[in-house]
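Scrolling down, you'll hit the structures one after another.
You will see two complexes here that share chain A, one where it goes with chain B and one where it goes with chain C.
The block that comes next holds the complex of A and B.
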């Protein structure tokens, strides 16, 4: 009797506005990817495949933020085609650097950036936001770049029919578990206590301060964070810039709420 | 009456008591940590490490089971511990009292933790007295700590006065010279007013730190007696082999109290803060007749905003 071939999971990856580094992170799991390839089929992976099939997808990773009219149209189409849609990387989950324009005059920024090098493509920029501002997403993998471990985890969980838990602990947790000498105690302006961990405190472990590429904690106390950094004598203007590098939208939301109070 | 040891003979003494065992002591590299000693000269007894000794009894992350889902009869296989005998030198009274408290939980008859048990049995505890208190955040003087150790050192300038706290400890110093001395109690700047907290649950004082708390969980990670953990299953890419492991968790994170349906019953700062302090100073005492807190002050010192629960508790009237 011929054993019936198991149906493979149809996996795709697509890009919106971003550097495409997240897509690269998927290919970085090559050591595990080979083991997974008898269970999944990469039907759309524009960076490594010539022939990419349109959906439907069992699981679709989307990187980049929604920053143009074209992005929005694509995203809506992909949403229809995907059973599970995963926001991959800081742009898709938090808006990342593109959303820095919220801190400035958006129109002026768009004119400077998009009109400088005229293109045949009419990019039609719109306000830069994460995917879930427009569509429902099943899971978020934050980070710049996203952790390849988490990409593997989500694939394995979907294959097993399990739900992956959201990691909600601050960067300080993993950093303390590793017994790292706290950068804040060394006079280095680390944003660890405000930011989502799940990265094994990678940067602070190499004496590089956390800059929040995985976004701020849902219950981040940004007011207290600013006080802390001020008390430590850090330049607060510089820190606001750092705090808005990946998370301008979260920052503005906090400032708005603080004003309302 | 105790014994006395010339400081210049310390190395010799430590190498003889730690023969065939790992010697663990505070080591200063970028900061002070309890580490397995490679060179006796690395030992640093000035100050106390901000990271407690609990990791040697229940590591921050360690495997409990190996999984093999392909083998239905043997899907789970317990991971056998390989704990070497060891000697902890330079722990403080608060550190070792912390173990005494953790024993109540991890050596309880009905829920014995194998790793913890083995680690406890294989570890000799040699403490050192705190003169002066190593941190301005210490308040162990308020906590009525037990004289819990195998051996306890007190610095007398060019020599150590040594007292035994167990028959095992006693046997190790038999050959040393007798010395008449009594170890002075530790003096701390900070003070905690001990009180029955049961009537203060709704006091507005608990809100004190709410504007400051960053929800970062450093207080519990650095606590001498916080050992709450999460259990996580992970499979390999073949979806058959894998492992179940333990990782330290914290009541200060939202997911900690998440139940089915996504409901979280301790969400805001006050609820989480109160839970932590009531556990240390009330619930544990109700069950085991002692405070869980040992007054090491690590939760205060490690807090980025230096939130000090002793101030809150002292305020309650």
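The block that comes next holds the complex of A and C.
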């Protein structure tokens, strides 16, 4: 059989505003990193490559949230160059910590840090939003940091031309299967019932409450969730602050919908 | 010299920019800035309760989330007068050691080494240097496994909370990690030997070096702040010595320490407390005929490689302990101000919180290592370009050397908020 020269998948990894941890999660796939890189052509990844070229990309991973004018310009350019654009990690999928600013007095938050903000135009802040607020994205890999398994899975699926099934069960699902002693029953403010799983209930398995790094379930009944937690004696103001660490925008949307009903 | 504009300095963590203007063969402007979007962490934690802060401030940085975690928790504990157990301290030291092994291995092999060997990236080196790349991946995996098994996940560990840990590693895990650390001594020594053999550019600059003072061993998560110039102060007084300035082209602030240009990081740690390194790492250093203080910033790479040996040994020793779950910590809320200074992989990291009597944060100040190094880095770049212009070096060569210099600082621009596009303008 004559071996056909494969056309390798052209892959890119870019970042907006974040902690670079999601991108590191790709390079931390230590065991099969070299095999994986052999199957693809990594054409741009400025954090670990000196020679980076512009698209077109078959698949482009973008980490970070849109948080400055410069971010927005880059994102729009990348969208045009990418066939499949993947929002990688909580900043890109939900806005993460920096999006808490939506729940606060934004000017006051800014002034706490900078008595005089740098004046250059591309540095001007945009209060952090996920990528899909400005562009269409094909896939979202939530999590802070995202799971390495999921990154590998998505690459494998694209390499094989298959569609990836999105995980849509609550954190509690895996937590019960692991037979963990429920943290809520122990009087600990766990958000597991309202939040997207796929993390194998990592935090609750280590006696730490879920705080929602993979976002709210699409059909999460946040209103009744809040009520239940309040009945259990948890301080609601405190809980809202905890509920909006990663997903302030999703929370505000849910609240708005609830009001309309 | 023709106009040069590089849009993104690669192989560093985050986004930075360098703007250089040259008139004839004279340098007229050199501005180094961080162009990472601002995230306003110190503003975000205001009004949040003491037990929600670590999770937020850990997100400042993916590569040094353990350092942020430990600094944050210690500062809050100092503010509220919370005492911690010896085991808690030990586990936090282990998180910091694990992170340092992973961070140094990543920086040395993936970001710094390609410059020395003439490749665009470590990935491009895999044909000729597969052994070295696999060595790097092994060391990174070790650090990741340690953080995951102690901290709950590889990044942004969550088991360490105010007052203690929600989970401790069991005996099998501890014994597995000890075996892995024992095995890792060989690749760590190979790394040190590799970097000691690399030819370093001739370049020196006059700066002070600031690091934490070693208590028993090399500094890690506590200690006074000392400088090569002889200062020795309590970390609580840091703000009397450190001044910060905002520049129009950077979301990171620029600092001086006690009125002097200064460096923090692996080289600063070795320059200030070389004798506290492990015997093996000192032997490697001496075999290479190196003497402290080293004033050449490129040697920060060598310092990191030497340190790698020390921290692998230290991690092994720290794991020699009978870890037992002490129950979920219960703490009493108390108002107060607390400061913690720790040695992150890139240098001293300060967290400073004022907590009110309900346990909520009123004020927060965080100063990252890269923000402290930024001014000295800018000054070194200026000096290097001036020297190379005098020698009539070509533009491409200058850019290459400047990037190499900046990378040797191992800057973390996400952390500092806040750094590297090169803009080169000829007037």
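Basically, the second predicted complex is superposed on the first by the 240 of 261 C-alpha atoms of A that agree within 3 Å, B and C clash if a C-alpha of one lies under 4 Å from a C-alpha of the other, contacts with A are read in each partner's own complex, and residues count from 1 in each chain.
Basically, a contact is a pair of C-beta atoms (placed from the backbone, for glycine too) under 8 Å apart; a residue touches a chain by one contact, two chains touch by 3 or more.
The shown structure was predicted, so the numbers you read here are calculated from the model rather than taken from an experiment.
Chemist: So, on chain A, is it clash or fit between chain B and chain C?
Modeler: fit
Chemist: Which touches a greater number of chain A residues, chain B or chain C?
Modeler: Touching more of chain A: C.
Chemist: Touching A:192 in the superposition: chain B (first), chain C (second), both, neither?
Modeler: A:192 contacts chain B only, not chain C.
Chemist: Considering only the touch criterion stated at the top, classify A:176 as touching first (chain B), second (chain C), both, or neither.
Modeler: first
Chemist: Regarding the shared-chain residue A:221, is it in contact with chain B (first), chain C (second), both, or neither?
Modeler: first
Chemist: Is A:60 in contact with chain B, with chain C, with both, or with neither (first, second, both, neither)?
Modeler: neither
Chemist: Once both structures sit on top of one another, what is the angle chain B-chain A-chain C taken between CA centres, to the nearest 10 degrees?
Modeler: Roughly 120 degrees separate the directions to chain B and chain C.
Chemist: What is the contact status of A:129 with respect to chain B (first) and chain C (second): first, second, both, or neither?
Modeler: neither
Chemist: Does chain B (first) or chain C (second) touch A:13, or do both, or does neither?
Modeler: neither
Chemist: Applying the touch criterion given at the start, work out whether A:202 contacts chain B, chain C, both or neither, answering first, second, both or neither.
Modeler: second
Chemist: How many Å separate the nearest C-alpha atoms of chain B and chain C in the overlaid structures?
Modeler: Between chain B and chain C, the shortest C-alpha distance works out to 12 Å.
Chemist: Show which residues of chain A both chain B and chain C reach, each in its own complex.
Modeler: Of chain A, no residue contacts chain B in one complex and chain C in the other.
Chemist: With touch defined as at the start, can you tell me which chain A residues reach chain B in the complex?
Modeler: It is residues 32, 35-36, 39, 152-153, 156, 159-160, 165-166, 168-173, 176-179, 181-182, 184-185, 192-194, 217-221, 223-225, 227-228 of chain A that touch chain B.
Chemist: Can you name the residues of chain C that touch chain A in the complex?
Modeler: 8, 10-15, 33, 35-44, 46-49, 52, 55-56, 59-63, 65, 106, 110-111, 114, 119-124, 126, 130, 133-134, 137-138, 140-141, 144, 152-156, 158-159, 161, 166-167, 246-251, 328, 414-415
Chemist: Give every residue of chain A touching chain C within the complex, in rising order.
Modeler: 15-25, 27-28, 30-31, 33-34, 37, 42, 46-52, 64-65, 67-68, 70-71, 96-98, 100-101, 104, 108-120, 122-123, 125-126, 128, 144-145, 202-203, 206-208, 211, 238, 241-242, 245
Chemist: Tell me, which parts of chain B touch chain A in their complex?
Modeler: Against chain A, chain B makes touches at 30-31, 33, 51, 55, 60-61, 211-218, 221-222, 234-239, 247-248, 250, 253-255, 267, 302, 304-305.
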